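Starting off with a structure, shown below.
Chain naming follows the written order as A, B, C and D, and within any one chain the residues start at number 1.
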Amino acid sequence: MYIVQVLINGILLGGIYAVIGLGMSLILGIVKLTNLAHGEYVIVGAFASTVLSEMLGIDPLLTVFISIPLMFIFGYLLQRILINHSMKRGAEPALLVTFGFSIILKDAMLLKFSPDARHISTDYSNNVVNVFGMDISILNGLLLFISIIVILLLTLFLDKTYMGKAIRATADDAEAAALSGINVDKAFAVAMGLATATAAVSGLCVSMKWTFYPTSGGRYLLVAFVVVVIGGLGDIKGTLVAGILFGLMQVIGGANYGLLISYIFLILFLVVQPKNLLGRLKNKGGARV
Amino acid sequence: MSKKTLIYLVVYATLGLFFIAMALTGALSSNVMRYLVQIFLYISIGEVWNLLSGYAGMTSLGQQAFIGLAGYSVAMATTVYKIHFGLGILIGVGISAIVATVLAFLLLRMRGMYFSITTWVVAEALGTFFLSWGYVGKGAGMTMNITPYPRVDALYNMSLAICLVTLAVVYILLRSKIGLGLTAMRDNISAAASLGVDIGRTRFLVYLVSAVITAVAGAIFCINKGTIYPDSGFSIGWTISMVFICIIGGVGTIEGPVVGAVIYVLLQEFLAHYPGWSNIILGIIAILIIIYMPDGIVGTIKKKWIALNRKTEKAA
Amino acid sequence: MSKDILKLENIKVKYGDFVAVDGVTMNVKEGHMVSVIGLNGSGKTSLMNAVAGLTKISEGKVYLGDEDVTGYSSHKMVSAGLSLVPQGGHCFNRMTVLDNLIVGSYKKSARADKQKNLEKVFELFPVLAEKKDMAAGSLSGGQRQMVAIGRALMSNPKIILFDELSLGLAPVVVKDIYATIKKINEIDNTTIVLIEQDTRRAIATTDYSYIMLKGKVLLEGDATDLSDEDIKKAYFGI
Amino acid sequence: MQQTANKVLKVKNVCSGYERIRILNGLSFDVYEGEVLGVIGPNGCGKTTMLNTLVGLIRIDEGKIEFNGKEVSKLPPFARCGLGIGRTFQVPRPFVGMSLLDNVLVASVHGAGHSIKDGEKIAQECLDRVGLGDKAKLKAGELTLLDRKKLEIARALGTEPKLLLLDEVAAGLTELEVTEVMKLVEELKKENLTIIWIEHIIETMVNATDRLMCMAEGKNVIIGKPEEVVASPIVEELYLGVQEDE
């Protein structure tokens, strides 16, 4: 029974990890940019939820309706004004610009919010329901639900809308996309906006689930990397599976070794094959995911 | 030896001798010495990061691994084993060299962002490991137990020594056969490979040299601070400083990191008056330089200089 | 009867100090099929990429109808009515054939005609209708070329530039695609510019031809003006 | 005469390409010692890919490359260079931040294995041979295209190759400049180097090469005496297209 409980906890956490990885995955897969500031975006999202729920006195879950559009505009403008420009100088300058940006954001948050630990707690934070003898945290369930909604909406957007198709086309072949009438700079900016919008959601999850600091960004950036590398670039379903895998690692490893296990896993992974595991298994026809 | 080489050597030797003489005569106030310690150490780690990123195309975000390893080596040597801190530095260098060699097997197969990310993850993993390792005091860290504790002039001598050694090593390396290949790799890697440069071996050597020098400088940094804990020793902040120094000064030149380190330390000192703002302003400066002055200060001046020379030649 | 739809005035394209196109002037009449012929390195692809806004024009002017479109980026060119089908087609390999075509109707003014244009494309290339839900990357080279052509048609272009359609394709497939292009030209009176290495086929199919060598137009004229001998002399020097 | 000469290079059924696109598709040919083998073929037929595969910049998927009786198919580029395969790039890739002398020095030190001191002398000689001797101190980034092309050749010579691969040395140059580069290659021929030479100007290739190979779709279509190859119907068809009466 204990094992089933661990599995359930891991899967519930997996949704959060998947959304954290999702934003990273979008940018890597579409814009072909390693965004070292993604962890800070998550923390910005966490502060956004904290501040909004305090200021407006609303349930933290509702803050996403404000923080998502705000974060989208933030990401869109950032890409349009700054990053598109630096990407024309090559991959490395762009990488370093995002690195610089992560530092600026982190210290700006330190300045504004002090280095203290933060956490949003609600009346239902610690409530548990019992289903078939298993304890299921209501909060974890809610967060998983939100995560899945976000993943679904994003998939729908990319599959069904003109802009979504344009973004996928740009990811496949930017030159051919431009020749089809797509403004590639704009497509990139929308993709970045979507990525920062997912960070608003992961920020909410982080703020309700754990304590966070202005300096926590690096940790979530690494989480995002692990999820992306395992799940594959720009592969949304793969990201969900990888998120759950990561969640299980955390639950099994516990507070002390969870992170370490995933780091080692990631390193081994990168060494063996810097592509993605799920994709490879798919190609070989071995995995059913 | 060309005229240019001679000028370089004379300038370096004069500066080196000047700083040595300053130490011997005791003409410097301890305050000035404190800045110079920082500058010398940052020059050292900046120079080797420049070798890695600017020449060999290996943008490492995990050099702090070697700073942490060396710092902990000194701390362990002096507190647990009660041996001289110099021996501790040597042990730190040895451990760093071994770790670098093992890592090289994994890292040198990777390209671009995968290399960058893996170096960072390795450093983070080490930090996380030390955080939960009771033997090294977990998150609380350790205090250097050195008696008598080295004073600022001793630290000055040590950091001046490592700085001069680093510059000499980098200079000789770049002048050697390996450096020739390395500079070629910087400009065009496939052409270099086609002309007979062994890319893999060159990369390994550069990685090893950078690990060793970063370890020595890191050990002195930690002795200067007096304590080490996982969040300081394995902090990404070390890499941030290296990146800034090289971007501001200019990657791919010897002089770049020297200029960058001086500006970095002075700027940080100046920005200390505005607590909390220093990294923000440094970050903005770095981004502006990447976009508008991609060759850094030294590179831009060099280009302007060449353009100016050409103009006067044409005019003549 | 017809006016010029595309006018190139003394176009130069440089990459650094490499002069790829060295002062080319062309006038393409509305509804015509025109070919630009040359060996590789002659500058014909550089010229077309620059006209379509993929690379920068160093000197000269481009007019589309009466509009000065010099220096327009690619997506603005498409909006203005000029499409380029690049060398090798370049499909969005991970997207379905249908999605590839829909992306072609991305520009605002073409969206309303999406259904009509889709039907037209499927009529021209029935095989694409059969495979519309397959990933473009899984198609054969000729079929990918069809997707690229269809995608260009989806944007209601006034003029389409085709860069080396026959590259790497089997002769039978090439013949089919050429026939289809002729049809496109006839149905909608769409102006066509073919960039080709295959001299004889190009001259025989089009109304007017430009032969380029080393960045310049060497010969121009219609099929009666350009003899095999002239061309051989230009190419082989014999 | 050629038939009795040694085979320097044997290429057997070689396949290679990028990621999922296969460009060379069963390419086979031999090169005899001391000859100049010209390579022509329409755009996209795999000429440059062939050079990249021969020097090891692109991994070989199938087939075998033998150089002087030794299989080199799996060796990294620097090792093949050390055995004596030198090449130029179609679009020159100078080390822009280094002087011309240092550019060639990389070749003579790493490729040919000289000490820096000896290497400098040899590098200067190589620069003299291509007519860049007086510009040795200039930075390579400041050169005109013609001089960059010459530098490509000087660097390739610096590796002291037994087999020299030339990739479109004339592309992008004006007529006058082409003549100058051609003269340079003529001189190299006299030194009994074995050369594989890709070029588009068929006219010059007919005069300047001993044998001519025409490629299409990653294969060797025809190889033989230059006049015969140019006159063959296959080549005419490849370049001019099929004669059709419509």
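Convention: a residue touches a chain if its C-beta (ideal position, glycine included) is under 8 Å from a C-beta of that chain, and two chains touch if they have at least 3 such contacts.
Worth saying up front: this structure is predicted, and the values here are computed from it rather than measured.
> Expressed in steps between touching chains, what is the minimal separation of chain A and chain D?
Each step joins two touching chains, and the minimum needed here is 2.
> Averaging each chain's C-alpha atoms to get its centre, pick out the one most distant from chain D.
Most distant chain from chain D: A.
> So, what's the distance in Å between the C-alpha centres of chain B and chain A?
Centre separation, chain A to chain B: 33 Å.
> So how far apart, in whole Å, are chain B and chain C when each is placed at the average of its C-alpha atoms?
The separation of the two C-alpha centroids amounts to 53 Å.
> Measuring centre to centre with CA averages, how many angstrom lie between chain A and chain C?
42
> Residues of chain B that contact two or more other chains, please.
Residues of chain B never touch two or more of the other chains.
> Counting only residues that touch at least two other chains, what does the list for chain A look like?
Where chain A is concerned, no single residue meets two or more other chains.
> Would you give the residues of chain D that are in contact with at least 2 other chains, written as numbers and ranges?
Within chain D, no residue contacts more than one other chain.
> Could you draw the chains as nodes, link the ones that touch, and say if you get a line, ring, star, complete or other?
Per interface graph, the chains form a ring.
> What chain-chain pairs meet the touch criterion?
Every pair of chains in contact is listed here: A-B, A-C, B-D, C-D.
> Within their complex, state which residues of chain C touch chain A.
Where chain C meets chain A, its residues are 52-54, 73-75, 78-79, 83-86, 90-95, 99-100, 102-104, 106-107, 110-111, 148, 151-152, 155.
> Can you tell me which positions in chain B touch chain D when the two form their complex?
Residues 176-177, 180-181, 183-184, 186-188, 190-200, 252, 306 of chain B touch chain D in their complex.
> Under the definition above, what is the set of chain A residues touching chain C in their complex?
Residues 162, 165-166, 168-169, 171-173, 175-184.
> Please give the residue numbers of chain A that touch chain B in the complex, ascending.
On the chain A side, the touching residues are 34, 82, 85-86, 89, 91-93, 95-97, 99-101, 103-104, 106-108, 110-111, 218, 222, 225, 256-257, 259-260, 263-264, 266-267, 270-271, 274.
> Along chain C, where are the residues that touch chain D in the complex?
Residues 16-20, 39-41, 87-88, 164, 167-168, 171, 197-202, 204, 214, 228, 231-232, 235-238.
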